[in-house]
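Common to both upcoming complexes is chain A, partnered first by chain B, then by chain C.
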Partner chain A sequence: MFLLLPVFFPLAAGAAMLLAGRRMGKSRALLNGFFLAAQALETVFTILAAALGGDVTLLSLTGNLTMGLRVDGVGRFFGVLTAVMWFLTAVYAVSYLKEDGHAAGFYGFYLMVPGALIGLDLAADALTFYVFFELMTLTSLPLVLHERTKEAVRAGLKYLFYSVGGAFLALFGIFYLAQAAGSLTFLPGGYFTAASAASAPLLLPAALCMIVGFGAKAGMFPLHGWLPVAHPAAPAPASAVLSGVITKAGVLAILRSIYDLIGPAALRGTWVQSAWLILSLLTVFLGSMLAYREPVFKKRLAYSTVSQVSYVLFGLGLMDPLGFTGALAHVAFHSVIKTGLFLFAGAVIRSTGRTRAEEFQGLGRIMPVSLGAYTAASLALIGIPPASGFISKWYLAQGALASGTGVFRYLGPAVLLISALLTAGYLLPPVIAGFFPGKEPEGPALISGEKPPAMMALPILLLGAAAVLLGCFPGPLLGWIGRLAEAGIVG
Partner chain B sequence: MSFVQNFPFFSIILAMFSGIVSSVLKGKKARVLSICAIAATMVLSAAVLAYCAATGESYVYWMGHFPAPWGNEIRAGVLEGLTALLFSAIMLLSVIGGVKYTQTDVEPSKQNLFYILIDLMLSSLLALVYTNDLFTAYVFVEINTIAGCGLIMITQTGRSLTAAIRYMVMSSLGSGLFLIGLSLLYDVTGQLLMSPAQEAVGEIVESGQYEIPLLVIVAVVSVGLAIKSGLFPFHYWIPDTYGYATPTASAILSGLVSKGYIFLLIKFYYRVLSPESVVRSHIGNVLFLFGVAGMMLGSLRAIMQTDTRKMIAYSSVAQIGYIYMGIGLGTPEGMIAAVFHIFSHGATKALLFLSARGLYRVSGDRTDFLALRGSGYRNRLAGVGFLVGSLSMVGFPMLSGFISKLLFATSAMASPGKMLTTLIALAVSTVLNAVYFLRLLTGLYRPARSGAYDAGAGPDGAAGERVNAPGFRVAVLCLIAFNLILGLFSQPIVRAITEGLAMFS
Partner chain C sequence: MGGILLAGPVFLPIFTGTLLFLLQPWITTPRRQTLVRGALLLLVLGNSIWMGALIAINGGESPPQVLFRLYGELTVMFRLDRMGSVFAGLVSFLWPLATLYAFSYMEKEERRPTFFGFYTISFGVTLGVALAGNLVTMYLFYEMLTFATFPLVMHPMTSQAARATRRYLYYSIGGAAFAFLGLIYVLTYSATGTTAFVPGGMLNPAAGGKELTLLLYVLAFFGFGVKAALFPFHGWLPKATVAPTPVTALLHAVAGLKSGAFAVLRLTYFSFGAALLRGTWAQWVVMGAALVTIVYASTMAVREVHWKRRLAYSTISNLSYILFGASLMTPAGLAAALAHLIVHAIMKICAFFCAGAVQTQTGKTYVTELDGLGRRMPVTFGCFTVAALSLMGIPPFAGFLSKWSLCTAALSAASDAGGAALPVVGVAVILYSALMTGIYMLSVSVRVFFPWRAAALPDRRDPDWRMLLPLLLFAGLLLALGLCGQPLLAALADIGKEAG
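Moving on to the complex of A and B:
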């Protein structure tokens, strides 16, 4: 029963915040205290739930469809990652929204989303998963809408339509599987084998629907359009978790539907796998290219997310233990790095008001520590050893070479390398301009502003350090993920 | 014979007599009487449901104890009991929720007339649900039409008068076709009671005679009732009718009246013909096709609207399409899904019409999207009601609409020929629903342009609460709860529908 706590406590806490926030708003300290305390509790609950394990049946919906929660390896991995990222960003958010009169509304929904996310991570079947998936969209929408400007509303609508449209596309697959597989409970290894897949004629289209539909949340082409619009419009903490955590829910959705529902054996070597790999590689390249051409810093980071999350999807699509390990490692690393990068972008906006990447001249004088952390995180994302991105990309390339997927064995690593080059091209210029503006900079004048407060700098520093350290000491994490990959998930 | 077996008859007569008594009462008393009658009906229907569920079989009740072929018969089983219960519950909530709006929309001297019409509507709906006799059904179809027209035009605005006339023309056409079908059936079989008619039809089908007249009967009755329930392409009367009536009337007309006809059609298929002969006549394919077309075009038209009232009305066209699609699948599962959607849509539409009116009220009685901007803050309860209703229509999980879609989709899997069409239709229409409902919802929670509605109700909620009458609050909360219950604990209801349909044949 303990599993219910990390799922329903944040929903209750968020609702309480929304109801009482107006009254609490007069005392800012109380509001912030409640917010951080609730968030810390949620993190503790999640970690405890992950440690204790267990399973709960919530209700039985119709006939053979039940809804329930249970802890498994993948759920534990995503759950802990979500809880930690969410807490670090919460600490930052308190400082970021210091001047914001409507902070209570933001806090309320910010508290609620992890309930939906942990629900996703712990869902025992596709129906529960779908419920929490929609709940996540609905509760995270107000985070995008927070500024209430015209752009924010447009971005919110776009986010909503892409997410809901994608989810309904995937729902088609769920409906089909409910009938074809006879059950929606997640089963490691899935319900179909290469032989039994032949008896379900629509299985492959259904699988593709689920990949493309859930891929909307992960920013996979062709449903990636919401990311570059939603991120700049949302407040920085919201962009950070949207990119760092919520896109991973799309990854988890595809992972669950392919590995725990349909079964990788049924898809290996089919046109669906090829389509999946083509879409993900295309997104990797397209995202990097668009990021390289994008001058608005937060938009650039958003395109970068489009590209990087598809690294993960590529790894999953290989259906190979090494690729799977690389994919999950990249989930963790990208989550740490991208959260850090977006928090940095927010800190720059708060301190100096500048949003375009070419205007960062002399930033190193104002916020050397944060820019340093940004540099570390950037190097990690590019994949320069020994920082973390190198490890995951190494495994992804190894997985591709070992996977026996024909032309993708060579094409995959090549695209990854080109994209890494582009990543360096779009992440490093701000570092160069920030630390080495030159004596008489051309273009915009030297930047001026205040040092970011410690509460904002600290999470950025922690994330930047983690981005490097996770790469230096990857042993425990890789051991854990390797066990997940072996534990029957890759058939 | 158990005393409970009288209850279906009692509830019809009770509703009818309260209408008659109301004609000499003042508006307020008529209202109280009407609400009491509906509540009593609800209790009686619940007793019938409990009785039938306990005994596990349906029964036929002779009115006046004349044997066939002269008598009037009522038949009650689990499905009839359940339908009567849910219909009267939705009706009760619609009436209670709209009391205040009825007072403002209907002129004082006509208040009691409004409640007379409500009573007549209730009795005719119950009769359509319970009847086991086609001619009684026809009589009550007409009563229903007249009551419906009255409910539409009682607001006495220009638009509602034209809507009522349009409704009357289309409805009379529908009843006319239904009557022709009955006459033909009587010609062929010599029966008007359902059970003997079914035997006679069975014999005729076996003997191979009258194939064409039987086909014509099926077609004419189906088309007649389809016109009356607003199946595409006979939906042109819907937008004005639902759009310009007072919210109670809109909720009842859209949520219940069109469903009453569909229920009668289902009964006709199961009790007069047989599911097999319906499948053989291919009428199911026709209904399926038009149902799917209605789902698409209704939603597309809804997207094109900028007036909320019309948008909700066009969404009804789409939802009626869902129901006919389920019937058209021609499988028991499809029928179960269709019946479930009757209830789910009834509850949701009532919620939408009521809460939408609550939103217009705080937006200067304007109904276009622009005026409604930010109204979710000005009238919080109505905003939440509209939110839940829309999400349910779109098919968000935990709400009744999701279960409907789930049932439709799973039933589609069992009918191979129509599987792909159904699934694609469901997917496309869901996305279309999402487009117009979510667009409006985002508007509701987007702050209005500054200074537009400062006088009415502040954003602090305190003034927002006061705009809602107590009845409205109760009704909206109950309907939200109703939606959640249908969404979360659908199993007993689905089981009851399955049992009830099994009792039909």
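Moving on to the complex of A and C:
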């Protein structure tokens, strides 16, 4: 029963914050205190639930359809990652929203989302998963809407419609599997083998529906259009978790559908696998290219997310243990890095008011520590050893070469390499301009502003350090993921 | 004696409504008004309890009771069966609440006794459709429903209302004419010699010729389908939203349209028989028509900015969900159609009542005028959002259950029919419609709760308890049904098994 706590406590805490926030609004210290305490408790609950394990049945629908929660390896991995990122960003949010009169509304929904996310991570079956998937969309929507400018409302609606549309596309797959497999409970290795897939004529289209539909949340082409609009429209802490954590819910959804429901054996070598790999590689390239051309810094980071999350999807699509390991490692690393990058972008806006990447001349004089952390995170994302991104990309490339996927064995690593070059191209210019503005800068004047407060700088520093250190000491993490990969692929 | 008991809930409201017309000159002082109002509510409530008791005591089934004989086999006969109990129970549950709401809504309107007179008569007539034991009786009450409800559409007495009423009459009567052909055919070729409903159908498959049977079925389907707003005969419904909201909510979203859908279910599963129709061209024609309606109406709803008309288009598309379930011609299809019939009634009446509450409180009727109202009327729009999520089919709200039943029924029908494509297309259509529902419903919710910061908030309040009570009850029921609706689905599955 302890499992219910990390799922329902944040929902209750968030609702309480929304109801009482207006009254607490007078005393900012009380509001912030409640917010951070609730968030810290949620993190503790999640880690405890991951450590204790267990399972619980919530509802029993007709026959063999049940709804429940259960702790497994993948759930532990995503759950702990979510809780830690969420807490770090919460600390930052308190400082970021200091001047915001409507902070209580933001806090309320910010508290609720992890309830939905942990519900996703611990869901034992596709129905429970679907419930929390929709709940995640609905609770995270107000974060995008928070600024309530015309632009933010438009972005929020776009986010809503893409997410809901994607979820309904995926729901077709769930309906079909309920009928064809007879059960929706997640089963490592899935319900179908290459032989039994032949008896289910719509299995392959249903699988593609699930990949494309859930892929909307992960920003995969062709349903990626909302991401570069919605992520930058939100306040920086929300952009950070949207990019760093919530896109991973789409990854988890695809992982669960393919590895724990349909079964990789049924898809290996089919046209669905080819379509999946083509879509993910296309997104990798497209995202990097658009990021490279984008001058507005937060938008650039959002395009970067489009590209990087599809690295993960490519790794999953290979259906190979090495690729799977690389994919999950990239989930963790990208989450750390991208959260850090967005928090940095927010700090720049708060300190200097600058939003365009080419206007960062002399930023290093104002916020040297944060810019240093940004540099470290950028190098990690590009994939320069020994920083973390190198490890995951290494595994992804190894996985591609080892997999029997024909032309993708070479095409995949090539696209990843090109994308890495583009990543360097879009992340490093702010570093150069910030640290080495030159004697007489052309274009925009040298930047001026105040040092960011410690509560903002500290999370950025921690994430930047983690981005490098996780790459230096990857052993335990990779070992754990490796075991998950064995279980997921072999069943 | 049993006959009187069974006919009571049908005739008591008709009698009460008529009495209300006669009392009209007497209701002059506020005191008498309150008295009449209280008496009316008690009578309606009492009638519902009577109906509920009949269902509970007889376990949803009773022997047929012939009331009187028109001519030969043309008998007016009531009979309670489980499918009728579902519809009668639903209507009896909703009517007192809608009456309560109407008291508050109609506070400032003229000619209230006339309005409530016809409103109450419609209650009895709708129960007549539900309790009808044969096709003749059902047809009779189906026609009466048209005539009992058109004065309600006419109520605002504007030229717009007159045009809408005329259209409503033409469509309904025209549709009934086609249904009449079906009635005659069934009467002529019935294996039992009567039109009394038999689970699984009573048509003699040998008589009349297969092609002619199918043709007549299609005609009758479209005939009854007019009331269920089947494309291309849906045009009267969006126009008819000029009527006061209690009418649009209850008669158009529940009683009237559901009578059409209910009649189609009776026609398909209890007269012609699903086995006779399964796999024929007739099945694909009616299923195709339902699917076209779903796509067309949910797309139109997105384009429509008049709030009640938007909900009317949404009703059209959702009624065709029910017809799609009916056209699957399987036990699971019938069960799913009944599930959506119940769930849609609750969520659509909830949505319409929210629109009505806003109209009485603020006078606003267009979606574009609602910015920021959710901050001032949080209960109303909270209930609206629950109805919206349920309509979209988001778990854990009840709409998900019926959508789930429909889609799984369609997929198993497809695999039973050796991979027929149309039911699978139907699932895709329902999911497309769900996305459209998300767009046309949730864009309202976002607009009312998250206005642009620059916009000034209007100064309005939630309506009084007579409006809020039904709203909260419906919203709570949607959640409760969604969480523990399994017994209901199981009961409906039993009805399906019997009649499929």
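In this text, the second predicted complex is superposed on the first by the 485 of 491 C-alpha atoms of A that agree within 3 Å, B and C clash if a C-alpha of one lies under 4 Å from a C-alpha of the other, contacts with A are read in each partner's own complex, and residues count from 1 in each chain.
Note that a contact is a pair of C-beta atoms (placed from the backbone, for glycine too) under 8 Å apart; a residue touches a chain by one contact, two chains touch by 3 or more.
Since the model is a prediction, treat every value here as computed from it, not as a measurement.
For the composite obtained by superposing both complexes on chain A, the positions of chain B and chain C are in clash. Judged by the touch definition given at the top, the superposed model places A:178 against both chain B and chain C. When the two structures are aligned on the shared chain, A:149 is found in touch with chain C, with no touch to chain B. By the touch criterion stated above, A:160 is placed in contact with chain B and with chain C alike.
Of the two partner chains, neither chain B nor chain C is touched by A:275. When both complexes are overlaid on chain A, the residue A:369 reaches neither chain B nor chain C. Looking at the shared chain after the overlay, A:168 reaches both chain B and chain C.
Using the contact criterion defined above for the overlaid structures, shared-chain residue A:469 touches neither chain B nor chain C, since it reaches no partner. Residues common to the contacts of chain A with chain B and with chain C across the two structures: 59-62, 127, 130-131, 134, 138, 145, 148, 153, 156-157, 160-161, 164-165, 168-169, 171-172, 175-176, 178-179, 202. The touching residues of chain A, when paired with chain B in their complex, are 22, 59-63, 65, 127, 130-131, 134, 138, 145, 148, 153, 156-157, 160-161, 164-165, 168-169, 171-172, 175-176, 178-180, 202. Of all residues in chain B, those touching chain A in their complex are 391, 394-398, 403, 405-407, 409-410, 413-414, 419-420, 423, 426-427, 430-431, 434-435, 438-439, 442, 445-447, 460, 488-491, 494. Within the complex formed with chain A, the chain C residues making contact are 389, 392, 394-396, 404, 407-408, 411-412, 415, 419, 424, 427-428, 431-432, 434-435, 438-439, 442-443, 446, 450-453, 483-484, 486, 489-490. Those residues of chain A lying in contact with chain C across their complex are 59-62, 127, 130-131, 134, 138, 141-142, 145, 147-150, 153, 156-157, 160-161, 164-165, 168-169, 171-172, 175-176, 178-179, 201-202.
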